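The letters A, B, C and D name the chains in turn, as written, and every chain counts its residues from 1.
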Amino acid sequence: MAETELRGVLPYLISPVTDTGEIKEDVLAKLVHHLVDSGVHGLVPLGSTGEFAYLTWRQRYRVVEVVVEANAGRVPVVAGVAATSTLEAVRQAREFEALGVDGILAIMEVYFPVGEKGIEDYFIAVAGAVSLPVVLYTNPEFQRSDLSVKVIASLAKIPNIRYLKDASSNTGRLLSIMNVVGDRLKIFSASAHVPLCVMLLGGVGWMAGPACLIPRQSVQLYNMAMSGQWAHALQLQRELWGINQIFAKYNLAACIKAGLELQGFPVGNPLAPQVPLDAGAREEIRRALKKVKAL
Amino acid sequence: MAETELRGVLPYLISPVTDTGEIKEDVLAKLVHHLVDSGVHGLVPLGSTGEFAYLTWRQRYRVVEVVVEANAGRVPVVAGVAATSTLEAVRQAREFEALGVDGILAIMEVYFPVGEKGIEDYFIAVAGAVSLPVVLYTNPEFQRSDLSVKVIASLAKIPNIRYLKDASSNTGRLLSIMNVVGDRLKIFSASAHVPLCVMLLGGVGWMAGPACLIPRQSVQLYNMAMSGQWAHALQLQRELWGINQIFAKYNLAACIKAGLELQGFPVGNPLAPQVPLDAGAREEIRRALKKVKAL
Amino acid sequence: MAETELRGVLPYLISPVTDTGEIKEDVLAKLVHHLVDSGVHGLVPLGSTGEFAYLTWRQRYRVVEVVVEANAGRVPVVAGVAATSTLEAVRQAREFEALGVDGILAIMEVYFPVGEKGIEDYFIAVAGAVSLPVVLYTNPEFQRSDLSVKVIASLAKIPNIRYLKDASSNTGRLLSIMNVVGDRLKIFSASAHVPLCVMLLGGVGWMAGPACLIPRQSVQLYNMAMSGQWAHALQLQRELWGINQIFAKYNLAACIKAGLELQGFPVGNPLAPQVPLDAGAREEIRRALKKVKAL
Amino acid sequence: MAETELRGVLPYLISPVTDTGEIKEDVLAKLVHHLVDSGVHGLVPLGSTGEFAYLTWRQRYRVVEVVVEANAGRVPVVAGVAATSTLEAVRQAREFEALGVDGILAIMEVYFPVGEKGIEDYFIAVAGAVSLPVVLYTNPEFQRSDLSVKVIASLAKIPNIRYLKDASSNTGRLLSIMNVVGDRLKIFSASAHVPLCVMLLGGVGWMAGPACLIPRQSVQLYNMAMSGQWAHALQLQRELWGINQIFAKYNLAACIKAGLELQGFPVGNPLAPQVPLDAGAREEIRRALKKVKAL
């Protein structure tokens, strides 16, 4: 089986949920069609932006199922697996593989602090549970585990651990990782990094929530970077970064959901106790989207 | 209906689970009998020590069910409700009330940062979902939400929010809270505080993992404090604190489980990726338990 | 030589400085007389409250000189030595000893992180530079070095390191320290702890900024604790804690200075860029001082 | 007067000091000659690498004096001003201007937390004290003050505040700053960023400790970036980053000093209680310097 090669712009999908907890399946499917039609290179349900941390297993499963069906094999689907417990993470990964996803975004949640050995074992177990390519996801701010460069280097030896998505905001860390793992791990930027910088350093793309709102512009930026048009790319990157600056001020899921509502996708509110954006923040987003012609 | 008054020593129960995820029901029931026979004033399944963060809902439900059945109404059972999502927390609280628990320990987990309004709403929703007394649980280190004194003062006005268990290690904070809420909230110590200090300040007892291992000694300390024998109590407190000092060095659930194994309860290991204690740490615990005649 | 035994209430003196950097010597001397007349057991110039971190060496020296002269041997004077560099700390300690102080409060400031060995060496060097008793001062929040229990245990073996003042707010840590060092180190509370709790645990007193404003009340609380009147003491402690609660909200030096101004000591403002309290905060302090009859 | 335009590679100079606190003037002068001969675009005494935090005012003054004299007007000298107190910072800035430096690197140290107003006032006061161009320096890790984008935008309106050097490791933050201040502030990278990324984003150079050890290579990298040879530049950047990776593991001043010793500059040890590198770390540095032909 020719394995999917992941690269390019992979939006982190939001999870549209009603106030009583039902997945808004039509809205999610419509978003999938829109993003794929806009040229994105893959789809990532159940990242941070997808509010995995607020969803029950049943909800998570349905989100992935709807995305896989709506996508219908057009682009790779990489589903987020996230748990504190190894047993549970392994179970999730297997169920998503059975659903037909093309890759696993492996997220480790932490309650009691875990040593490097425990962290490594968690990711090895998830990778061992599936035959799919695995993306390591580190997000020290929200997940309280951190993958040290040493642990990453060790995990890079597992054949199907093939990608890393780092949400640390420390771009130099990516270069340190590249210097250690060489080509064994391919690096995706998160929205905490400037994607263009990561591309300059040798990254293969980005997985990020904002790409839900500016898919075409993101793909254009990616293409510019790939063809070495750095000066032009910088100009576009600076414009698009205005979107990130707003998202950094507010709750991320609330922002993406508010922006999608403005674009005509009735995705609803972030899950309580997260609060929806107020009118002022919505107006900020409206203006920012207009500025980059995403509205 | 005469509502249960919570006070005294309420051990945080561990959750004994097999490697394949089954609750070891007999072991849990045996532990319940042992603790009640040792004089504890209540039981708290699904606190931090109970590894709630590592258990599926089905596992959590079974833990509480087994505890309620084994206890058979002898002492109050206060079940831990913990979620990031309000909807899910409300559902858990209702199901535990239906199971017959006597109180709810309300824990808020956080992924994206939540403002004070969101935090307050979460606890109000949990309290509104049940007719049971609710214990607010704050643990800034592990849960990443913090209940400010202002939010606590506001929540203290909800009739069935009646207790606070603070795991901040900042004992002065308890006095600040007492100064603001007066008698409307009764304060329980956590193992991060010195219980005797909290009793001196007017606390009504403690909810803590170590009490699983030293129930009789804990009750004795409580009785000394209640009768104002501060000098004697201090001597006992200093001895018992040696146990806490060990637990602060290692993973908490791993310690309590290792200690219970030494005491003849085959509770098994902490849930992976947490790692069991090594031989050296087990020996430390063995010596510490011997020293306080808990082995 | 009969060495001074430190115990009781030792106020952290503020440092009154004009806008152009001159020490207000008369005001400082007047404050010293007032505090000694109020029964305090010692005086500590150049603690955190004394804004040592904002003063040049020349200013620091003059502050200690004025205090020693005004005190005229009535109570022990313990001067704060604070530096990032060992060489500089040693020099300060020697100069203060030559000035006639009775003890050194040893503070370590940190810029680049220092390992345990470096921390230990710093304090050993300061202790070795003088024949005076040394008080170890830990304040993890402001000083970014932390004295681990292990390092404290090791330092406790140095003959003239005889006291510890811990500003960590973690009262349980004090009991852990006591369990390890026994009688070799005597423990002083800081204002981040509830002094009464520390006294219950075996502490010998407190060194704190608020005692500048409520010296008589502090001495009364100390006496109650020493004679085991815990119930009465708690009532007084709760009243006095209201003062601490205000100080925790604002800049500490600004609060103490504002309170002293209200009490008739024209001590001036905290050193820029610290900003003086606004009218609302001053009114809060006025009311709090009135409530405990300190105005 | 034609004001100096700062750009390019400005090494943070180490401060060579004997064990008894004397500045090793000959060694410092020799280092200045070597760096200027290697093509660096400026010199920065008294940055973090220069251990300003460990030096008395007299030592700091002598360091700057020696650098200004040895440089003899060949490249701009930007001297670090660092204090907690505004009065002291202003005094330092004036004395350095009188010594003939070409710019001020303005560093704010913090003991008690300071609000945005206090932070802003501090930098305004320093800028107002001199007619030289001022470089804002933010280093949240070591200095505990942080310049928010909002404060930076406000400070950018002060005519002689012309540059920013950010040591936050968050490269995206630089783009946010650029988006807000436009051309009013020019941005220098610190060693916590990948210089090449900052150049891509529009930065004008870097101020960093490692450039002491690899001045020629740094200038080469700068020239490649300026001429848009991004692919070549990346290759060199990856090689040079190996040096930063080592420095991130150990004490920064210790590393640069150890490297300079290997290169034949007897600069001595970092100031106690910082500890010199052990043999293993020295060997790592030796190999890393050899690899980039800096030894």
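Convention: contacts are C-beta pairs under 8 Å (C-beta built on N, C-alpha and C of every residue); 3 or more make two chains touch, one makes a residue touch a chain.
Just so you know, these numbers come straight off a predicted model, no measurement behind them.
K.L.:
Rounded to the nearest 5 degrees, what is the angle of the rotation relating the C-alpha atoms of subunit A to those of subunit D?
P.N.:
Here the rotation carrying subunit A onto subunit D measures out at 180 degrees.
K.L.:
Average the CA atoms of each chain to get its centre, and name the chain whose centre is farthest from that of subunit C.
P.N.:
A
K.L.:
Same or different interface residues for subunit B and subunit C, judged by whether over half of the residue numbers are used by both?
P.N.:
Looking at both copies, the contact residues mostly coincide.
K.L.:
Hey, how far is the Cα centre of subunit A from the one of subunit B, in Å?
P.N.:
Using C-alpha averages as centres, the distance is 36 Å.
K.L.:
Could you grab the centroid distance between subunit B and subunit D? Build each centroid from C-alpha atoms only and quote it in angstrom.
P.N.:
Centres of subunit B and subunit D (C-alpha means) sit 50 Å apart.
K.L.:
Could you check subunit D for residues that touch two or more other chains and list them?
P.N.:
Subunit D, residues with two or more chain partners: not present.
K.L.:
Just say which it is for the chain contacts: an open line, a closed ring, a star, complete, or other.
P.N.:
ring
K.L.:
Sort out which chains touch which and give me every pair.
P.N.:
Applying the touch rule to all chain pairs gives A-B, A-D, B-C, C-D.
K.L.:
Which residues of subunit A touch subunit D in the complex?
P.N.:
Checking each residue of subunit A against subunit D gives 169-173, 175-176, 178-179, 192-194, 196-197, 200-202, 228, 230-231, 234, 237-238, 241-242, 244-245, 248.
K.L.:
In the complex formed with subunit D, which residues of subunit C make contact?
P.N.:
It is residues 20-21, 48, 51, 53-57, 84-88, 108-109, 111-115, 117-119, 121-122, 125, 142, 144, 251-253, 271-275 of subunit C that touch subunit D.
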